[in-house]
Each structure stands twice: as structure tokens, then as C-alpha cells.
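We call the chains A, B and C, going by the order they appear; numbering starts again at 1 in every chain.
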Amino acid sequence: MTAVEFQSVSKRYSAETPLAVANLNLLCREGELLALLGPSGCGKSSTLKMAAGLEDLTEGEILFGGRPVSALSAGRRNIAMVFEDYCLYPNLTIEDNIAFPLSVRGVDKNERRQRVGDVLAMLGLHDIAKRKVTDLSGGAQQRVAIGRAMVRDPDLILFDEPLSHLDGDQRIHLRAEISRLQKTRGITSILVTHDQNEATAMADRIAIMKGGVLQQVDTPARLYARPANTFVANFIGEPPMNLFPGEIGDDAGRITIPMLGEDIVIGDERRHAFAARRHSGLTLGLRPEHLIVEAAGDGAERQANAVVTYREPRGDADSLVLRILRDTSTMVAELAGPCTFRTGDKVRLRVPAANTNLFDSESGVNLEFDT
Amino acid sequence: MITLVLVSLVPFIYAVYLSFHQAKYGRVTDFIWFDNYVTLLTSGTFWNSMYVAGVFVLIAVPVEFMLGMAGALVLNKGVWGRSILVPLLFIPTMMAPIVVGLLWKIMLAGSWGVLSYNIIERFDLVSGTSIFASERYALLALVFIDIWQWTPFMMLAFFAGLQALPQGPYRAAAVDGASQMQIFARLTLPLMAPLLFVIGLLRFIDAFKIFDTIFILTKGGPGTTTESPSLLAYKMTFEFWNIGEASALAVFVWIIFFAVCTVFYHIAKKKLNAF
Amino acid sequence: MTAPLKSCKTAADGLQLLNVSKTFDQTEVLHDIDLTVAPGEVLALVGPSGAGKTTLCRIIAGLETPSSGQCYMNGTDMTAMPPGDRRVAMMFESYALYPHLSVGDNVRSPLLARAKGGLPPTAGQHIEQLLAVLEIAHLSDRLPSELSGGQKQRTALARALIQNPNALLLDEPISHLDAKLRHKLRGEIRQILNARPHPTIWSTPDGLEGLSVGDRIAVLIAGRIEQIGTPEDIWLRPASVKVARLFGDPPMNILPGELQDGQGRIDFHCRSMTMTLPPALAASAKAIKGRAAFLGLRPNGLTLHRGDDQSAIATTVYSIESFGKYAIVTLITPPGDLIKLKTADVQDLKLGDDVGVRYASDQLLLFDGTTGRAAYVYS
């Protein structure tokens, strides 16, 4: 098991283009599966290729277990890679594909047979070991590629969009399979993906990148609950986090939400985050499932402040698109399904202070975020 | 379809028919069973022509293969000026064999040959006569010319094959830690095998039938040292007017081709899952 | 689906299929399909690939002739009508864009074909709005060959949505888009359709997409309609194991087993494991003649318990997938069945931990083991 560390790594492809990766400092811990996630062009693939040795570094250093590797070629780094398009050897059988990394390294025949046998058993490919790989479905080909990666116990496995060529069922199945195998073998792994479901399902921690710059590295649960900035807040979670303006009142901890004409009070332990700011703007963030939706009724406390414009049932959860009566902006709520609200229903929305994230409205940075 | 059969089959059947008959000086007479074949197979000139063909098949073709593959690998790595180099490489292959013959005659023939005068004679390798008149070197010179003519073709064919290979497995092999030699032996060669087989077969047939450059440069001489089967058949027909025996030779060569093609085809089918 | 309904000619508005079957080379791809889609209604046609969704759409569009049965549009039999006279707009899963026309011209083409003497002045603005909603406005001048799969799909979608047809058929309209865009667009397209007077069929292999876009859902499996109903019906009361497996992420857990009568109760045996059925189910269990049954457990109806618990199913943690909002835990039972569980909180759960699973009794579903049909009675 090996930790992988990126130290001030930058990548520039040509003088005219901006940095593809800018001053990246990132640690992938021993035995961990770290996902690099971001929209296309965010620098995640460049980062992976630099770790693999398929791309040179412009600046900085990469350490495998404390040992610098930037001068080593891909073949000498003791890494394995699982590619988007499988990249199996089309002229070889399943068994020979898995044995390839061992045989080119001159591992002796008995040991080779045993290790290949182990991997075949682990993947449930024993019965078809002699088949040509070109006859297999995409999912099965990718399983062979995973076997080929695991067979020689590498320091690091790099997964480059491993599921993006597969469809629905195979994808969900292999997703669970990869994370299980990675956990049982404890091999340090880096996964590149543009699909947040894939990243959250498989990774111990996720590094979110945008325009070559690292935005946040955290566990899926923490990313979801405390995004470092509004970009992460919007990128992670489906439907995305509701972001709306708030104003800090003079009374300590009181924040006014002009859209709803209501105040929320932030608890004592969180007040330090905006203690220095008085009468200035904030962006509030609230996950759709935390928004409280109640049927409108009589009395000031239950007066309608929004109307349901669209209801999307999804089985165990329903999402509601709500138009705020005061300023016609929209919010999205998610309720346990099937819920009783219908399009056109007037409702009373309430924002629970405890689940609300506070962002600087200028920079988008989460005021309570500290690395 | 019928036209095709008529066009391709009729001459062949007629050759088979002739090979079983006494057919000399333009007259077809008695049916003589295998006499033409017996005469052919017991004659020294026939076995000599097989030897000449063998030299082309076993020396020229393999050398062309190796040089072609090496050149293709270099091209594939991306050398400077590849876009200019590739059209230039077509030149020898595009030239008519007659022109090739004349060209090399000018280059190598005796004291008026550009190359032969300046290099060969100066170092006294072949004295006095043209290299094509030397019993020792005439055949080698022809082999050399064949290599010159066909290596660029092989290079381009293999280069096209290399360009068409999937890139994925190479990325995987680089990460798996395979050396350049291992990548070549375990990946490139197996992936190229169908192409190599086809080109090999075509070149085998072509080299076996070699005629025109020899005809221009040596006419089979000196003596019979460069007399290929095609040249022998030509001589039998137009110099000795023995069409029967020439037909027997043609049929015999055809049988060799047929046998080799069949074997190739079966190996290819089994080993490569190709075709 | 009673006999009298099948035989009566109808004057109902909207789109109606009666007893439609289709056979290709002696293989029956559609069997006796009865379907009605009211004006303004969106019917989600959900089924796995190869179920016959595309063939059904092609029959309605007039691109295939049914082997038997009729299609009616607003009460008129259009079974024999050529496609051009039906005014049915269809969006093909294969896009079928004109390769020589730009995105804008492709979208404009159905309007030009119908308009005599030029387009109405508002048409250009309509097209622009639609392209903007589908996030392809900036691609208006590109040719199809310069587009990604998802962009082509949205162009084809725009070309179908711009029309004012008698019926609209969307054959897997957003299947090639990435998850985030798919999620966003299905709501927006659905809202465009809300304002439309014509019946719409929206086919998809994704059960959740069907639940979210359909006013009603028709589940098509292997050429047969397995169930038609509202999203709530399909979700709460799936008619068969096959339907149950199509809806839900992750799909419902289905355990095969046998029923045995105990003292005043009914036990469900799944290999070496025994569970006692809740009283509500025990009554419906009597309807199962053979004793073979499937038990359906919803992933979100299960809870984890540590320590000794007689009423819980003993399992071991096989894999954990955390999604931030919730996590999917895959558990393996002693006989080797996998059970997936959806929970908000996995805390310190690790692979290989022994845990018990409890189930909310109103979340259990019982199916006949031989036919796969539902055998439970919930109000």
C-alpha cells in the first residue's frame, strides 16, 4: 500500500493556453479510493495522466510512498490502469490478458498461474478463461481489464472513466464490484469521472476540480453537507442545492431572507462565521430535502408563501418545483414519496436554520468551511 | 460470372490439355500422358529455375519483409518530413519493370554504369565485365534490385497496417511495463498477422514468377544462372518452340502455388480467425 | 380489458389502440395491445430494451402495419392511413436528422413541409425559445455531423416538439444525455407538454423517468402490457415481479422461496432462511396455490440493526455505496442472496460486518412464485 502525493503540480500544454492543472496539492492516502470529479476540461484527466506517467509535469513533483516518480516512465512506476475503452489485448484470451503484466515482467510460470487463477476466481471468470476477449460484452471486458490491473498488486490503480461506455445495469453492477474489490485488496486507487453518482458511490473521498483548480477534497457525505463554495454546492447533489440571498441583521445570528420575508436564527456555535459582517449580503444554500413544505392554512404562521408549479414523482421521493409568491423566483423541494401535494397547491415553506449553508455572496466561499 | 469462368478457366484448361500432348513448333500432335512432365522434372534447367525462384522467395522476400517492417516502425514513430517521404517511397513501386531494368542497367552495367564504374570497378570487385555477366554476382544483383523495388511497397503497406492498429492496447502495455521488444513481439506482430499473411502470400507468388527485370537485364544469363521459371517457360516456348513442355512447367508452378495458398489459408484460418 | 370493450368502436378523443399485434418472421413482438391516450395526456411507455416500444411507436406513426388490430385517432380508424396523412410527430431514437441541414434548419423542416406560402412570422421566435430551453441555441448553425450524441438527440427532440401534431411520439427522447441534463430536461419538457392539447407517448427504459414524466404509465415487457396505471399505482402496487424490478433505484429486492403454514401464521422460507409473514400478508398468501412465492423488499423500507434481534434477517455487509444524501448498502444473506438497502446514514459500517435487517411490514410485497403476478391485497 502506497500513499500518492501531488506537490504543487502544474500542467501547461502550450504557451497560449491557460494552465490545465494549477498548483495542485493533493494527497491520496494508503488504500484509499480517491475520485477526481469535475466538468469536462477541469484538469482531472491531465492529473491522472501525470500520475500514470503518460504526461509530463510542467512544475511540481508526484510522490509514491514518499519517493519522487516524475522522472520514471509509466512502465517503471508499478501502477496499473483501467481505461474508459477497456484497452484489452484483442489477440489474447481472457486468461492471457490478465497474465500479460506478469509475463512481461518475467514472473515465473507457477506463480503466474496461481495469481491469475486467484484473480479469475475473484471476478467469477474461471469458466470462460480461455475465451477471446473480443467476444465479450462491454461489462465483461471491463472486468477483465480490472483483473489485469489487480493481478500484480500495483502501488496504485488509476481508473479513467471506467464505466462511461457501459449502460444502466452493467454500470451499477460494476460500480459496486469495483469498490468491493478495491476495499478487499486495499489498493490505493484514483478514479477519474464526470459522473457524481459514480464518484460518490465508489470513492472514500472526492476531489472536485474546476478549470484546473482544486475546489474541495472531502468524503461524499461532507461534500454534500458542507460544500466549500457555491460551485461545489451546485455540482454535487441532484436536484442541486437551492441558493438564495440572505441579509445579516443587526441582532446577532439573525438572517433575513427577503424572498420569503422571513428571518432565521443561526445557533450560537455557528455565529462566529459571520460575526464580523453586519448588514451585508450572503448567499444561503439549502438542500431540496431539507426545505420544509407544509400545506397552507389560516393564520400568519401558516399563510401561503409559495405555489407548486411542477411535481415530479420518483417513487420513494417526489420533487416539487415551487414558485415563491413574493418575487416569483423558484425553489426545489424533495419530499418522501408519494407525497400529497399537487401542481397548483399553495404551500408554506420554511427554511430550517440548522441545515442552511452560508456562502459569501461575492466569492461564493462557504463561510464555515475550513480545511 | 460465366464470362469470368470462361476468361480465367479456358486458358488454364487449354494449358493442362497441351501439357499432356506432344506440342512442338506450333503443332499439337500425340497424347503422351506424363512424358512432358517427366522430361521437365528430370532436366537440369528446370531444377535450376526452381533454385533461382527459391533464391528470390527465400532471400529477397524475407529481406524485404524485415526492411519493410523496420522502415514502417520508424515511419510510424513519426520521423521528420514523413509527408514528403511517403510519396517518394512510392517511386520504385510505381515504376514499370522495364524502366527499373533499364535504370539499373545504366547504374550497374559494366564500365559505363554510374554505380558500377565509380564503386565496383574502382575497388576491383568485379573486373572487366558487367556485374550482370558475372556468374557469381548476377543473381545477387537481381535480388538486390528486387529488394530495392519492393521494400518501399512493403514499408508502406505495413505502415498503413500499423496506423490502423487500435491505440488502446499500446497505452495499456506501456502501463503494464512491457518493453519495446515485448510490445512488438506480443502485440504488434499478432495484431498485424493477417496483413503479413496476405502480403507474404502475394509477394511469394510475385517473386516466384519474376520475369521482366531478369528479361531486361540478363535474359537468364550468364548461362542459366538467373533463369527463373517464367523465363524458362518463355525460352521453351519462343526459343525451343516446345509448348507442351512449357505448359507442363506452367501447370507445375500452378500446383505449387495452389498447395502453398491452401496451406497458408488453413494456417491463417486456424491461427488468426481471419478471412 | 373485458371483452365488450375490445369489440366496441369508439368515438373517444385522443389516441386509441385496439388489439394491436405485430409479428415479424413468426416472432410475435407485440401481443394484443390495448391502449388509450387522452388529449393532453402524457403516457409513459416503460419497458426494457427489446420489449417492443419502438415497434409500437412505429405502428402509431404508420411506419409499420400491425399484423392485426386497429389504431384510432379522435375516433377515426387510421390503421390503413399512410404516415403523411396522420399528422403524428415522432422523435426517433436514432435521431434521423438531415445530415446536410443545420440544427436550425432541421428543426424548421417539419414546419416548412406543412406550411403553404411561408412560415408564420412567430415561427423563428418559437424555434429560438425551444432551442434555448434544450440548451442547443448556440449550435443553431452547426451540421449534425459536428454534434455530440446528446446534442443530436436534443435537435431531434426540438424537431418533434416544434410541430403541432395530432399525437406526439417521443422514443427514448433523453436517454443519451448525461444524468444532470437528463434530470433537468425531463422536467422542462414535461412542462412544455403540459400546455399541449395532443396525446403524447414518451417511451423510456428508465422506470424512474417514466414515473416522473407520465400522467399514466404503461409497462411493456416482451411485447405485452404488464400493467397500466398512475405513477402511484405502479410504484405502490406493481402487478408483477417484472414490473416491480423496473421501478426504483436500486430495484426492489426479490427473494425466491416457499410458503409454509405454521401454527396460526405463514412462514416464508428462502433457502436456509425463514421469515414470518405479517398478518396483512398472511391472508393474501392463501391465494397462492403452489407454495412457491417471491417476496419483494423495498430498499427504502429496510432498516439496519446491530446486535441480537430475532425478528431481523441476519446478513453480512457486502458493499457500501455512499451518495451523500443517502447510501446503498448491499448485504449478503447466509444462503448467498444479495439484498440492497437504502439508508440516510451508514456511520461506521464496514465491509464484512454482521448486521440484522428489519423490514416495515407494510413495505413487503408478495408475488406468486410460478406466474410472478402480485398476490397481495393492500388498499
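Note that in this section a contact is a pair of C-beta atoms (placed from the backbone, for glycine too) under 8 Å apart; a residue touches a chain by one contact, two chains touch by 3 or more.
Quick caveat, the model's predicted, so the values are computed rather than measured.
Viewed as a contact network, the protein chains form an open path, each link joining two chains that touch. Most remote from chain B, judged by the distance between CA-atom centroids, is C.
Spacing of chain A relative to chain C, judged by their CA centroids, is 28 angstrom. Taking the mean of the C-alpha atoms as each chain's centre, chain A and chain B sit 61 Å apart.
Mean C-alpha position of chain B lies 65 Å from that of chain C.
Those residues of chain A that touch chain B in the complex are listed here as 52-54, 73-76, 78-81, 83, 85-92, 100-101, 104-105, 132, 145, 148. Contacts from chain B toward chain A in the complex involve residues 166, 168-169, 171-179, 182, 186-187, 190-191, 193, 273. Contact residues on chain C toward chain A in their complex (touch as defined above): 178-180, 183, 186-187, 190-191, 205-208, 211-213, 231-232, 235-236, 247-250, 298, 300, 318-325, 328, 330, 342, 351.
Residue ranges on chain A touching chain C, taken from their complex, read 168, 172, 175-176, 179-180, 183-184, 194-197, 200-202, 219-221, 223-225, 236-239, 287, 289, 309-310, 312-316, 321, 337-338.
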